[in-house]
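Next come two complexes, and both contain subunit A; in the first it sits with subunit B, in the second with subunit C.
So, the complex of A and B:
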């Protein structure tokens, strides 16, 4: 109960903060325009050059898949690793450890609250714009779509936090986690279907996207494909497996990290 | 002027020495960034495999595009990463110390910080351009053009970065906004250049100069296009003049002693 109250407080405070200071939303909108907007214009052009269908996929399906990737990225869950590194480098992690709250949960809720407002605004407007400009693929009109989308969105959020949380915890052992962060981030970017939609992957890359935690952390991009109707439960099971497995790894890392903390005094 | 440049070089040297102190971290940053950049090459090569050759662009052009971008980005943020920190300096009031310095303000701010990972970009960029040279069996003229357009692309990158981060003086949460602008400029530059046609090409050359740091340099070298070289040179001069003017105009909006609570 106490944990739920804490989560609610953190998220509410941060959302209110972002509502009052809309600069962050402006930044996220520019980012969305630069990445997703321009990319979709390019895809529209190359699909037109290729007769409208590539690898059995249409532009509409590809566009929605890419949009889901970028809308999810506005949650900024990946920044949790840099927040943890910052806490470790500045020593504020010692203070947070002494508070009667779970440090990792605090960081996770903070990260969700930080990106939630932008995510909701950008996603709602993005969905409306895409709907009116290009329409929706048939797969998104099925009753299965919305519930499974929401489940995989929640799973993706947990898995992303865990994945990047592990990277952040490495700050207890190495000076700068940025190089590790870049590698994990690029693996997520490629296998998640950012600039190249998952349906356009060669076979081995597609397999890697299905069975690696990097791809599983962005299964939201798979929900628009026809194949989702037949294998959604397998992909959700994989996502669940990675959450449990990497969650256990993160727990052990965290226990060991706590033992590494040395109080500087002062 | 020579005094200013000598001071800037001294500042850069000290920054490098300071970064190299943490040797493991420095090397990890360099190698990590080089690996990080490879991801974009892989992505666009698979893109070409899926969609075929678009606008005459093959895998070789993708390698060159990433080479030009990485080199321009790397050189600018190796030597002048301070520009990217202007939002932090303004928000924290740390900009005061630059205002009080008797050196050239822009040069002093620019050389106040060094990005270790940018060295990885420089290494990666040079490697990509060498590979590109081999892939297209570059002639002497093309090699000379590569050197020339690298300089122009770096200058235009520097000018745009100055212009973008000069707007820090205009926003409350300037860090978020300027980074949003920066992404709007940089991200399209990373995309497959051949797919930019018509209106998008016009916008990202004349309004947001994203294509000038990668796509246009590639096309200049590939097709020995002197028209585009003249365009690039002209726009470089234009952006340099605009950005420096914008910086000094924007600085006037800076309110010193932000955290001294004067007046309240």
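So, the complex of A and C:
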């Protein structure tokens, strides 16, 4: 009960903070327009050159898949690793370790609260714009779509937090986790379908996108493909497996990390 | 008297890798040599309910390490800690409900929002009901005189205002003990006095036990009834502050600077003595049990042609050195 109240308080306080200071929302919107918009224009052109279909997938499907990647990225869950690293490097971790809370859960809720407002605004407006500009693929009109999208969105959020949480916890040993962060982040971006929609992947890369935790942390991009209707439960099972497995790894890492604390000051 | 903290033979050793120039890089990476630093070395003491303890020492003495072991952040290498019946290494979360902590160099407040949001936020963290949070927040706003800046975002507050808010927030759950690590660091004289007065009030009225580390002799002098001095990880003194006061707390230092060079170093009146006699600066120690600062300044201005004057307390290094020398002399 307390955890739910605390999570709710963190999220509402941070949303309030963001509403007071809308600069981040403006930045996120422009970033989204620049990156996603330019990519979609390029894709539209390539699809047109190829008669409207590439690898059996239409531009509309690809555009929505890429949009889901970008809207999910506005949650900024990957920043949890930098927050943990910052806590360790500055010693702020001691302030949070002194509270009757789980440090990692606190950091996770904080990260969700930090990005939620931007995510909701950008997603709602993005969906409307895309709907009116290019319409929706048939897969998104099926009753299966919305519930499975929401389930995989929640799963993707947990898995991203765990994946990047593990990277952040490495700061207790190596202090600067940036090199590891970049490796993991690039793997997530590539296998999650940010540069190239996963439907256009060669077979071996597609398999890696399906069965690696990096790809599984962005299964939201798969929900618009026709194949989702037949394999959604397998992908959700894989996502669940990675959450449990990496969650366990993160727990053990955190127990060891707590014993590594050596804070500056005599 | 009820004992709240009981520490026995507490030791903390840190090991860290050091580069061995006679080894190649691979050996240094895979099997580095390690250096052991004993931050806290077999200390024992206890704290009773309602006491105001100053835990002092120079940089690197082991103060912060001890306070962090008391709160369960750092795990001891050996020895035992009993704080309010809890072992901090085992019961960190349960203990957190009973203690408050303030780290002078780290903020726990929400920077972009007003203090009321932080009070509300930490109230939820300590599992208080909405009604309790509202009532307690009002009390703290009144006690800590926060109302004049209550609506401002924390990042726009002065350091003194922020520190008052930090202490107020750390008391939201009515802890039995408050542990403060350098709470007055960076504050000006007025803000320091205000914070000390408030801490004294909380101790007197609510019976909160205060355990603070500080470099500032003024914190000890005006706030604490007992002083524990630590150096090189070992406790070198544990005594009533009034006993300590007989030596250095009742001493002030006065620097006198002149545009013209000092040439004559006259005999000083009773209660004053030289520590520095240089052509460009004289430093005089004032024994406050014999003469007030005001009187001392008047007399010094009568004797010397002065262009600038500075009055200050003995620094911690001087205090420690003084105690060492005094103990050596008495042996």
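Note that in this section the second predicted complex is superposed on the first by the 262 of 266 C-alpha atoms of A that agree within 3 Å, B and C clash if a C-alpha of one lies under 4 Å from a C-alpha of the other, contacts with A are read in each partner's own complex, and residues count from 1 in each chain.
Quick note on the criterion: a residue touches a chain if its C-beta (ideal position, glycine included) is under 8 Å from a C-beta of that chain, and two chains touch if they have at least 3 such contacts.
Just so you know, these numbers come straight off a predicted model, no measurement behind them.
Engineer: Please tell me, clash or fit, for subunit B and subunit C sharing subunit A in the overlay.
Structural biologist: These partners fit in the superposed model.
Engineer: For A:21 in the superposed arrangement: first (subunit B), second (subunit C), both or neither?
Structural biologist: Touch status of A:21: both partners.
Engineer: Using the superposition on chain A described above, determine whether A:6 touches subunit B (first), subunit C (second), both, or neither.
Structural biologist: Second partner only.
Engineer: Counting only touches as set out at the top, which of subunit B and subunit C does A:259 meet: first, second, both, neither?
Structural biologist: second
Engineer: Touching A:91, do we find subunit B (first), subunit C (second), both, or neither?
Structural biologist: Touch partner of A:91: subunit C, not subunit B.
Engineer: Could you look at A:100 and tell me whether it touches subunit B, subunit C, both or neither (first, second, both, neither)?
Structural biologist: The answer is second: A:100 touches subunit C but not subunit B.
Engineer: Touch test for A:41: subunit B only (first), subunit C only (second), both, or neither?
Structural biologist: First partner only, subunit B.
Engineer: Between subunit B and subunit C, which makes contact with more of the residues in subunit A?
Structural biologist: On the superposition, B touches more of the residues of subunit A.
Engineer: With the two complexes overlaid on chain A, check the angle at subunit A between subunit B and subunit C, Cα centres, nearest 10°.
Structural biologist: An angle of 80 degrees, rounded.
Engineer: For the superposed arrangement, tell me the lowest C-alpha distance between subunit B and subunit C in Å.
Structural biologist: Once the two complexes are overlaid, subunit B and subunit C approach no closer than 6 Å between C-alpha atoms.
Engineer: Residues of subunit A that sit at the subunit B interface in one complex and at the subunit C interface in the other, please.
Structural biologist: Looking at subunit A, the two contact sets intersect at 21.
Engineer: Name, in rising order, each residue of subunit A that touches subunit B in their complex.
Structural biologist: 21, 23-24, 26-31, 33-35, 38-39, 41-42, 45-46, 49-50, 54-55, 174-176, 178-180, 182-183, 185-186, 189-190, 194-196, 200-202, 205
Engineer: Taking the touch rule as given, give the residues of subunit C at its contact with subunit A in the complex, in rising order.
Structural biologist: 14, 16, 39, 57-65, 68, 71-75, 92-94, 96-97, 99, 101, 103, 105-108, 110, 112-113, 117, 120-122, 124-127, 181
Engineer: Which residues of subunit B touch subunit A once you look at their complex with the stated criterion?
Structural biologist: Against subunit A, the touching part of subunit B is residues 22, 24-25, 28-29, 31-33, 35-36, 39, 42-44, 46-47, 49-52, 54, 117, 171-174, 176-177, 179-181, 183-188, 191-192, 195-197, 200, 204.
Engineer: What does subunit A use to touch subunit C in their complex?
Structural biologist: Touch residues, subunit A against subunit C: 2, 5-6, 9-10, 13, 16-17, 20-21, 90-92, 94-95, 97-101, 258-259, 261-266.
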